[in-house]
Amino acid sequence: MRPSGRQADEMRAVSLERGVAPKAEGSCLVTFGGTKVYVTATVETTLPSWRRNSGLGWVTAEYGMLPRATDQRTRREAAAGKQSGRTQEIQRLIGRSLRAVVDMQALGENQITLDCDVLEADGGTRTASITGAYVALVDAVRWLEARGLTKGPHVLRDSLAAVSCGIYRGVPVLDLDYLEDSEAHTDANFVMTGEGRFVEIQGTAEQVPFSRAELDSLMGLAEKGINALTVLQKAALA
Amino acid sequence: MRPSGRQADEMRAVSLERGVAPKAEGSCLVTFGGTKVYVTATVETTLPSWRRNSGLGWVTAEYGMLPRATDQRTRREAAAGKQSGRTQEIQRLIGRSLRAVVDMQALGENQITLDCDVLEADGGTRTASITGAYVALVDAVRWLEARGLTKGPHVLRDSLAAVSCGIYRGVPVLDLDYLEDSEAHTDANFVMTGEGRFVEIQGTAEQVPFSRAELDSLMGLAEKGINALTVLQKAALA
Amino acid sequence: MRPSGRQADEMRAVSLERGVAPKAEGSCLVTFGGTKVYVTATVETTLPSWRRNSGLGWVTAEYGMLPRATDQRTRREAAAGKQSGRTQEIQRLIGRSLRAVVDMQALGENQITLDCDVLEADGGTRTASITGAYVALVDAVRWLEARGLTKGPHVLRDSLAAVSCGIYRGVPVLDLDYLEDSEAHTDANFVMTGEGRFVEIQGTAEQVPFSRAELDSLMGLAEKGINALTVLQKAALA
Amino acid sequence: MRPSGRQADEMRAVSLERGVAPKAEGSCLVTFGGTKVYVTATVETTLPSWRRNSGLGWVTAEYGMLPRATDQRTRREAAAGKQSGRTQEIQRLIGRSLRAVVDMQALGENQITLDCDVLEADGGTRTASITGAYVALVDAVRWLEARGLTKGPHVLRDSLAAVSCGIYRGVPVLDLDYLEDSEAHTDANFVMTGEGRFVEIQGTAEQVPFSRAELDSLMGLAEKGINALTVLQKAALA
Amino acid sequence: MRPSGRQADEMRAVSLERGVAPKAEGSCLVTFGGTKVYVTATVETTLPSWRRNSGLGWVTAEYGMLPRATDQRTRREAAAGKQSGRTQEIQRLIGRSLRAVVDMQALGENQITLDCDVLEADGGTRTASITGAYVALVDAVRWLEARGLTKGPHVLRDSLAAVSCGIYRGVPVLDLDYLEDSEAHTDANFVMTGEGRFVEIQGTAEQVPFSRAELDSLMGLAEKGINALTVLQKAALA
Amino acid sequence: MRPSGRQADEMRAVSLERGVAPKAEGSCLVTFGGTKVYVTATVETTLPSWRRNSGLGWVTAEYGMLPRATDQRTRREAAAGKQSGRTQEIQRLIGRSLRAVVDMQALGENQITLDCDVLEADGGTRTASITGAYVALVDAVRWLEARGLTKGPHVLRDSLAAVSCGIYRGVPVLDLDYLEDSEAHTDANFVMTGEGRFVEIQGTAEQVPFSRAELDSLMGLAEKGINALTVLQKAALA
């Protein structure tokens, strides 16, 4: 039995609230159960220097966690003077994942930055961030399109969402919360498109190496979760 | 006339929402018009090393701004690798102000950290932070009292709130928003107790030095604003 | 009684020695009793990039303390790898204060940097720094004028000086030394022009909040001190 | 056709030279074709503070690249003042992977640090690092065992190796070199045990999302590659 | 002919003013012509952790330059966030040199830190620093002896001074000033004891390698300069 | 007797292996007994900004040590976030020494960077680095010459090598290894040209100041060692 009483293939309650940041070109407050991430999308018409005059746009992401998003207060990274390895790994994942569904030529020489700040952390902050960032990204692209600033018709090739799965007490389960994540012997994050193709898979054996059969069952759960998230994204963006 | 259409002595709409952070011992989402700050209070039973075995507690604060709290995206301080001088100045002000109403002996050897993270910035982020931080602090003290962890009866000697005033187009006005703040030739922040005594005054001439009479009129406005904030704090904490 | 035996409204011995740094365009060794600050003014004909081509000049300041300016050796900030929050707060104050008396259009596209390095610290290092920096600034402006590098007749709109006051053992006193500062329950810094207008007021209750009447009496003392400093500045610059 | 003329399922020439670092408790110079990594294992009998008195050991890794391991000189991270996000991500992966085959109770309160320094980089530096680090780790464990410093019989539960696969010009291929890696539209790293179980999978779509069938074919290649590496590791350690 | 009109073997005017820093246990304002260094010696009864319980003391040094010690303003190292390689090299030299004349056993478990801050730089700042630091060190040792805090009779085994020499327009000259130093094709620093033995020699060919005969002639000049400095140190310390 | 059984004037076995780094324009694996340094030379056709459009080239060096080059693991400088003072001192020495034999006009506006990474450290890492860096530098210059990218015929004015000497148990000895270096009371590094002129001398008394006679005997040993190294360099470069 899962600590939350959920079924093995049951996601937490998910909500996607658009437009929470009045100054940003796109934004989304995303919750996966007790995990809450505040995402903003910023459009800039300047690119990093290495990307200029390429005819291509750029999408990047930054991630942070408020100090008291966690049960114990976490040290503020700005005060510590650097971002942790974990933070950098997550923000690289978010940026890379989003770029996989963007047609950079169609985007034109614009940059979109997704800032994902975790207000509450209860497991799955990176998957919630990606899922919410896609929504904010759509609004940022629409903002550009409305001003005629894009260079082609289909800036976004597909939708994008992410979910984690893991083997908890021997059972493959969908959408790990913090309690499950701490104890799971395998933990995998899946980033997938709305059409069901993979953009990123990261599977990690915490203690016990996993078999191909176990990975297959996690993939099955992930597909189910991504389908549900895709429906919610479409509803939020309608 | 003020850009917002407010009267000279009229504050923006203020709200104080307690308990927004489920994991923190105290929290408050404070809004002053378009300024929104998410404040958490963290209780720790360990002190910084220089304070240990003194029989006294400690209260400190940290301040940050989400990158897109502002019209233009601000660089994330964790990515920049340091807190700006402005950030440090503000967090030092918040901590110092709160300490002025705390009886450190009664608090006992506990530390309370106030984290003030600005979600939206439209002027007055430091005064909103202090006003909201007081509310979160009260809850953190109550949390300690409920567990018998304090060492005396009146940990908080008085309530505390803050407001800015300034001279905008020649007229002293209360609670500057961003548009006014950018243009005001004098800008002053007042931190006061519920009983109307001063904890901190910071007055700055941006362009034109100000007279004692002008300062007096700003003080009068500040007293009015603090009274209103004190009433709202009492209501929020009831 | 004050530890130094001074009257409540009596300043420490103040001296302003011009031209101590032979390479700088302006300089001043300023002493307020046991506090000694070495100030240099550097003229540069290049501006920070954000200020270029604006037709306006810029004035900025940096502050530092030699490690053994204090009773206990203080860690060297260059070795620590960063300036403390206190240092940044002080240097921001010095720069902001000086800018309030400078006509940036008349200054033209020149930058003047005031470096204030404390050789000995006995309270009031920021007020001594501002008072001495004004003297060095005048010499730097004269240096520019002598070379025809300014763009208007009255680069400096007024003179500028600063002094601290505080409530020491219940009595408002002028120009706190270190012993008084450590114990005072209210401490206020006043930056004022030669004509008696305010450029900056920073009042802080260390323990006990202060009343408007107390603030008024501190302002009265400050006006007296600033008058005396203005006379000394005029003499030094004659 | 692959740039190197290899078959789709053909690895580059791999060598594992043990004992290259005379001062280290374990070491291995590993080459995967034109990729060469110098790995040392350091045994320390002290643990990081958070791990002390737990009865458990610890295994960690650090990764670096000599500036001229690449075609263009890369900036030295020590001179830049920080490790890049990529470096941190890789060293976290190496450490996490190795820990998955270590019985921390049997290891006892000892720490083993694997330093992986890339002398030449031609794709697959992280997989070569893991494969060589396992060899160095075995020698470090033997060093501890020879001195009676371990606490149980089977410190290492299984062997460990890693290989990358990718889809290059539409064809799944094994062990990408730099030319292939730059162009591949999907790139996956597999860390597996000698018994064929997964410790880590990281699959990334660089441009085109991949299907489950494609991932399956990459897994098949990886299993083949890991088998070959396991044979070489056994030979090197005999 | 030298720019200053000095003879080849003529030092600049040297002065050693003791006791300039009222709070320090030792201090010296040293001038070598237009070079002026403010040196303080701080006694602490705690040692760095790696030196504790060894029965031995420690002497160390830090070096800094006020921003406007030079013709062009130099960036403040505290603001830059690190000490330059040059600064570190100089402060390591000063500390190492002083340690060579200290009997660490006789010093006992005390630490003396020499802070050398350059007020004006006109060549030879490191040699002036060492020469002045020896004077401050003597006073610090006397301070310890007066309190019975040393552990043996002869803490200082000899006196110590330093001077630079160089080959300027083909002629070996003593005590280079900045103009000479910029142009000299060989530059050498000598740190010697009062008895005429060498503690440190650093000779550098800026453009043209030098011969053993040239080095010999520089050594001869150095001995002459050190003798003169030793006489001045004795007088200052009498 | 020396720990290694060598004669007082006997160097360790030295080898210079050219071309070890296939991607670099020059490289050399240099060993002095148990000291092994991997040196690469990188040619870039861009110069640091302060050197551009001067018609002159530039040569610089960076130095690092793999963590387990030493008996005890040394902390990785990239992880520590800065290069130590020792590292900076050494890399400044290497760069300065090499520049002394380069005709910058003949080199033309090209930059050559020498990276010296110590794989094993047994004393003399800086002298081995210089000796090997000269070999790599020659190959980099030849690379430029072969492409017609130099501006004059004799880019290198002479060859360059370095060796350490010291007084070990009262006897002057050549080429100190780590055991000798730890105990020697005087330690000197000599950088000399093939023609026997000095480029850099750094002599340090670790405990006991040294006499001019002792320095002379060290110089004699150094000349002998440099002669031997020059022969080996010629052979390697033939």
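Order of writing sets the chain letters: A, B, C, D, E and F. Residues in each chain are counted from 1.
One rule holds in what follows: a contact is a pair of C-beta atoms (placed from the backbone, for glycine too) under 8 Å apart; a residue touches a chain by one contact, two chains touch by 3 or more.
Because the structure is a prediction, the values reported are computed rather than measured.
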item	value
Neighbouring chains common to chain A and chain C, by label	B
Partner chains shared by chain A and chain F (touch criterion as defined above)	D
Type of chain E:chain F copy interface by residue overlap (half), same or different	same
When chain B is superposed on chain E by its C-alpha atoms, the rotation angle in degrees, nearest 5	120
Chain centre separation (chain B, chain D; CA means) in Å	51
Between chain A and chain B, centroid-to-centroid distance (C-alpha), Å	33
Centroid spacing, where centroids are CA-atom means, of chain A and chain D in whole angstrom	27
Chain centre separation in whole Å, for chain D relative to chain C (CA means)	59
Sites on chain D at which at least two other chains make contact	81-82
Topology of the chain contact graph, where touching chains are joined (line, ring, star, complete, other)	ring
Chains listed in ring sequence, where chain B comes first and chain C follows it	B, C, E, F, D, A
Interface residues, chain B side, partner chain C - complex	82, 85-86, 88-89, 91-92, 96, 100-101, 158, 188, 192-193, 195, 197-207, 209-212, 215, 219
Residues on chain B engaged by chain A in the complex (per definition of touch)	21-24, 27, 34, 38, 40, 42, 44, 62, 64, 66-71, 73, 76-83, 87, 113, 115, 117, 119-120
